[in-house]
Amino acid sequence: MSRSVMSASADRALAWDVDRVRADFPALRRSVRGHPLAYLDNAATALKPESVIAGVAEYYTQVSANVARGVHTPSQEATARFEAVRERVAAFIGAASPAEVVFTAGTTAGLNLVAQSYGAAMLEPGDEILVTEIEHHSNLVPWHLVAARTGAVVRGVPLTEDLTLDLDRLEQMLSDRVRVVAVCHASNVLGTVLPIKQIAAMAHRRGAVVVVDGAQAIPHLPVRVGDLGCDFYAFSAHKLFGPTGLGILWGRTELLAKMPPWQGGGGMIAQVELTGSTYAPPPMRFEAGTPPIAEVYGLGAALDYLDGWDRVAATRYEDALADEAAERLAGLSGVTVYRPRGPRVSVVTFTVADIHPHDIGTALDAKGVAVRAGHHCAQPLMRRLGVPATVRVSFAPYNSPADIDALITGVGHAQRVFGA
Amino acid sequence: MSRSVMSASADRALAWDVDRVRADFPALRRSVRGHPLAYLDNAATALKPESVIAGVAEYYTQVSANVARGVHTPSQEATARFEAVRERVAAFIGAASPAEVVFTAGTTAGLNLVAQSYGAAMLEPGDEILVTEIEHHSNLVPWHLVAARTGAVVRGVPLTEDLTLDLDRLEQMLSDRVRVVAVCHASNVLGTVLPIKQIAAMAHRRGAVVVVDGAQAIPHLPVRVGDLGCDFYAFSAHKLFGPTGLGILWGRTELLAKMPPWQGGGGMIAQVELTGSTYAPPPMRFEAGTPPIAEVYGLGAALDYLDGWDRVAATRYEDALADEAAERLAGLSGVTVYRPRGPRVSVVTFTVADIHPHDIGTALDAKGVAVRAGHHCAQPLMRRLGVPATVRVSFAPYNSPADIDALITGVGHAQRVFGA
Amino acid sequence: MSDLDELYQTLILEHNKSPRNFRALAGASGHAAGRNPLCGDTFDVWVKVRDGLVEEVSFLGQGCAISKASASMMTTAVKGKTVADADALFRRFHQVVTGHATDSADLSDPKLTLGCLSAFAGVSAFPIRVKCATLAWHALMTAIHSPDAGVNSTTP
Amino acid sequence: MSDLDELYQTLILEHNKSPRNFRALAGASGHAAGRNPLCGDTFDVWVKVRDGLVEEVSFLGQGCAISKASASMMTTAVKGKTVADADALFRRFHQVVTGHATDSADLSDPKLTLGCLSAFAGVSAFPIRVKCATLAWHALMTAIHSPDAGVNSTTP
């Protein structure tokens, strides 16, 4: 480790006690192929603190009842907690009301809900949906599906040379036919943070709604949906140190109110006849069937856990790690780092000359370093970058400078193995 | 407790050691309003054995990686387990191949998947979807939604006086316009078990596909989808002693192969351009986004746990409890029990003269007895029975004769409070 | 007294058996339906308001003892009150059934003493029943303040 | 030798750098594309089969060292074999890369010795890479047995 890096990490230690934080995450105690785990795949899914695991277990151990339909005490307890977490989420993202918070199965499900409920109801042949070249497949394919269903057209807004969104092109493409602008808050490949507020203002001038894929922003940035000015915001609990199987879709009251149901089933109805039904108001209208109850308990625990963090310090810490990793990687011969100019989250993407990203991934795994190699569910962006795949490292506040050392050593080792 | 009941339970004890089983379920140790919990709401959601809770925690504690997209060891472990549980589920229900097993968010999501993928693609204006008067809203509303979308028509097959399905009427209603017959395997209100094999044969003669809501059958009956002869079979993990947030949709290979995707996102694609995409084969095509991974671990643990049961003895035991409860309830003055003739699962529905089911529910809760009161997401059936709501008790193999005693005492107490 | 006896006080049981003003109201100034889709309870509430005064209230429908007795006692409690006092009474009632009756300012106002309505204090031990106790009240508020709104579905 | 050195044997690295039969094949009797949508690897495989004999095999495309070297070594291994022997060789290869190479019957058949292909035994320590090692093989099987099938997408 170089001198400047050491002093930088010493500085950070004052503001962020990473060893204390690491102790909260049991998965960090495992080893991989004889090496301590260096988990640098946080953008795929985050590790969970003990308290989240306990929160999930608490539901199963002490409650284990269904919500919203029971007169008995365990069911009331479950319902009360379920709704309390909904309020907690509303406060966490600055929603105007808990009724704007819909529990879904994940970011992907939330984006599909918007596309298939709002989109299918509002889009007409020839209408346009703008997406960006930087989107995850989960914010592209739902729009492809609804376009095929309605006759609407999907168009992609390109990136600039700086790997940020080309706002001039967006402005040009924002015709009166555009009904939906679907953008990520932060890119899962490059970390680019898009200027949602500005995009929303531009889109709203043309009467388009703005759907934000917040999957990669929510673990890093303070999100206030009111300030962002968007219309929908989707994210996953599992990337926010919470359980799998749960996502949140936030939507503006006025929009949710006029949207038809997406899925039908128990809990979302007003009245059901054999041959037709009427529906409950939001958020219930969009929560058909038994919801992910244990998962909501776990998310509540995750938000409680995050309350114990100085999140500004946490983000500054993980950003410093990402910068350090980017710098050291760029210093290796044959390595290309793809970094956007401007605001970004702690994700770093790179390639190594003459070694395929999968081979780098395997070589790093052999040293206990967990990274992602592939197209990262962002094939259009790969084409834009002119590569079939990349290696991605993504940071969380429990990562340590030692993880970066392991990464750098591992890449060097791969280069030696490959004679590159 | 009457003499005959005592000897009956003594007999049962030989085949089924309920005390040993009860020890596996931590939620049974709680008390409610100063009374031991008598959990008779198993049809809403089942309690979980310790090993299932541990299975979920194992994922979070030791793995906590995403599936199918990672080259690193934790991700490989998660993927291997995930696919191993898929195989386990395929074996559990007698599927022809693991590729016929689609992981969903629950029964409701599975039925919506069939309606919105198969249904929306295949149904034309004037086509008919047959449902039954006994269905749960989750097997009604998805069909209402797809009917509204396609111009198809939903028609309801009535029940006989015996509270079983009127097969003669079904035969009459099975015109050539019928494309889909959507039926439950077992009713969540009456426990009626429908003759799926016979229904499937009748429907197939007319070229209709048969979609089975197996939510209430799977915890009680041995299910072999091949023998049943149906085309789709949906159920939820949480009613099978497994985690919330997870369901299974089984579908015949030939049908899944020709179905378009329902949700778009990561993991279900072949190739994505900015403006269009092509899709992976089943089951991946139907599993967009990060799946409920911890939940799949938990389901694996639930199936392992069930391997330790003599399931025939378990069902015989819970059936005996249901029969005993039905008999003793029917013996109380003012109580009406609604029981179907013929095969049924351990669910008993009743009403008490001059006392609303909710008030019975609250009175029972005051004694620690957890039952369900309401329309049970089966409003058409309530209308058929001529009541706004009922009280439902539903059994699992960890219920004890003492639970029935508490139930009977509680109903008597309610009658005294109400002067009824 | 057990939680249960506390909940099902004699007065509640009596109103459940013999609900007051249990009829439609000819010449009503407002009407609303209150439904709880999760349990199927459904009530119609009619109101006649003149010059800011609640002259008459009636209801019809079906539901549990709590919802029915609450509707019945509501009709007798608000009759003759000003709209403003009816509103305040509902706020007070809501505090009591949810167990949040801590606002002593309200208590000192004689127009806002709950009287018989305090029989519903036992509901606070059974939170799921709050919807039952307030179902008709919500419909009344809709009938008074948005007489054209029609159905008022509450969900937990 | 570490897992990694075991995986990336010199022979594999050499074929990755200089793949054999890396071209399209004029007059092919079959062609198939192998794609792994989860990682983006994509290969085209051409084959010329006459009288049950695999006369020529070639490939083009891109992917990791494992998939590329495997495709390259496959082309040299099956060339000149009967279709039946090529099938059996793939079965054997599959057993080796998945770590299930227990069937000694196969081993005794000289036509089925893996030869250079045994360099891929190290793959079994990295199960996720099995798809890489078999991608071109699956395409070959499609090109031989369903020459009109076109794309053959494998997913885990």
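By letter and in written order, the chains are A, B, C and D; residue numbering begins at 1 in each of them.
Assume contacts are C-beta pairs under 8 Å (C-beta built on N, C-alpha and C of every residue); 3 or more make two chains touch, one makes a residue touch a chain.
These numbers were taken from a predicted model, which means no experiment stands behind them.
Common neighbours of chain A and chain C, by the contact definition above: B. The chain with its CA mean position farthest from that of chain B is D. Look at where the CA atoms of chain B average out and do the same for chain D: the two points lie 45 Å apart.
Once the centre of each chain is set as its mean CA position, chain A and chain D turn out to be 37 Å apart.
One finds 32 Å separating the Cα centroids of chain A and chain B.
In terms of their C-alpha centroids, the spacing between chain C and chain D amounts to 76 Å.
Annotation for chain D: residues touching 2 or more other chains are 38, 126, 129. Across the assembly, chain B contributes 33, 69-71, 75, 267, 269, 271, 358, 362, 365, 373-374, 379 as residues in contact with two or more other chains.
Pairs of chains meeting the touch criterion are A-B, A-C, A-D, B-C, B-D. Of all residues in chain B, those touching chain C in their complex are 33, 355-359, 362-363, 365-366, 373-375, 379, 382, 388-389, 413, 417-419. Contact residues of chain A toward chain B in the complex are 26-27, 30, 32-33, 37, 39, 41, 44-48, 52-53, 56-57, 59-66, 69-75, 105-109, 111-112, 115-116, 131, 133, 136-138, 140-145, 153-156, 236, 238, 243-246, 260-269, 271-277, 288-295, 358, 361-362, 364-365, 369-374, 377, 379-380.
Interface residues of chain B facing chain D in the complex, by the touch rule stated above, are 68-71, 75-76, 79-80, 83, 267, 269-271, 280-281, 284.
Across the complex, chain D meets chain B through its residues 35, 37-38, 126-129, 151, 153, 155-156. By the touch criterion given at the top, residues 2-5, 7-8, 13, 38-42, 62-66, 68, 126, 129, 132 of chain D touch chain A in their complex.
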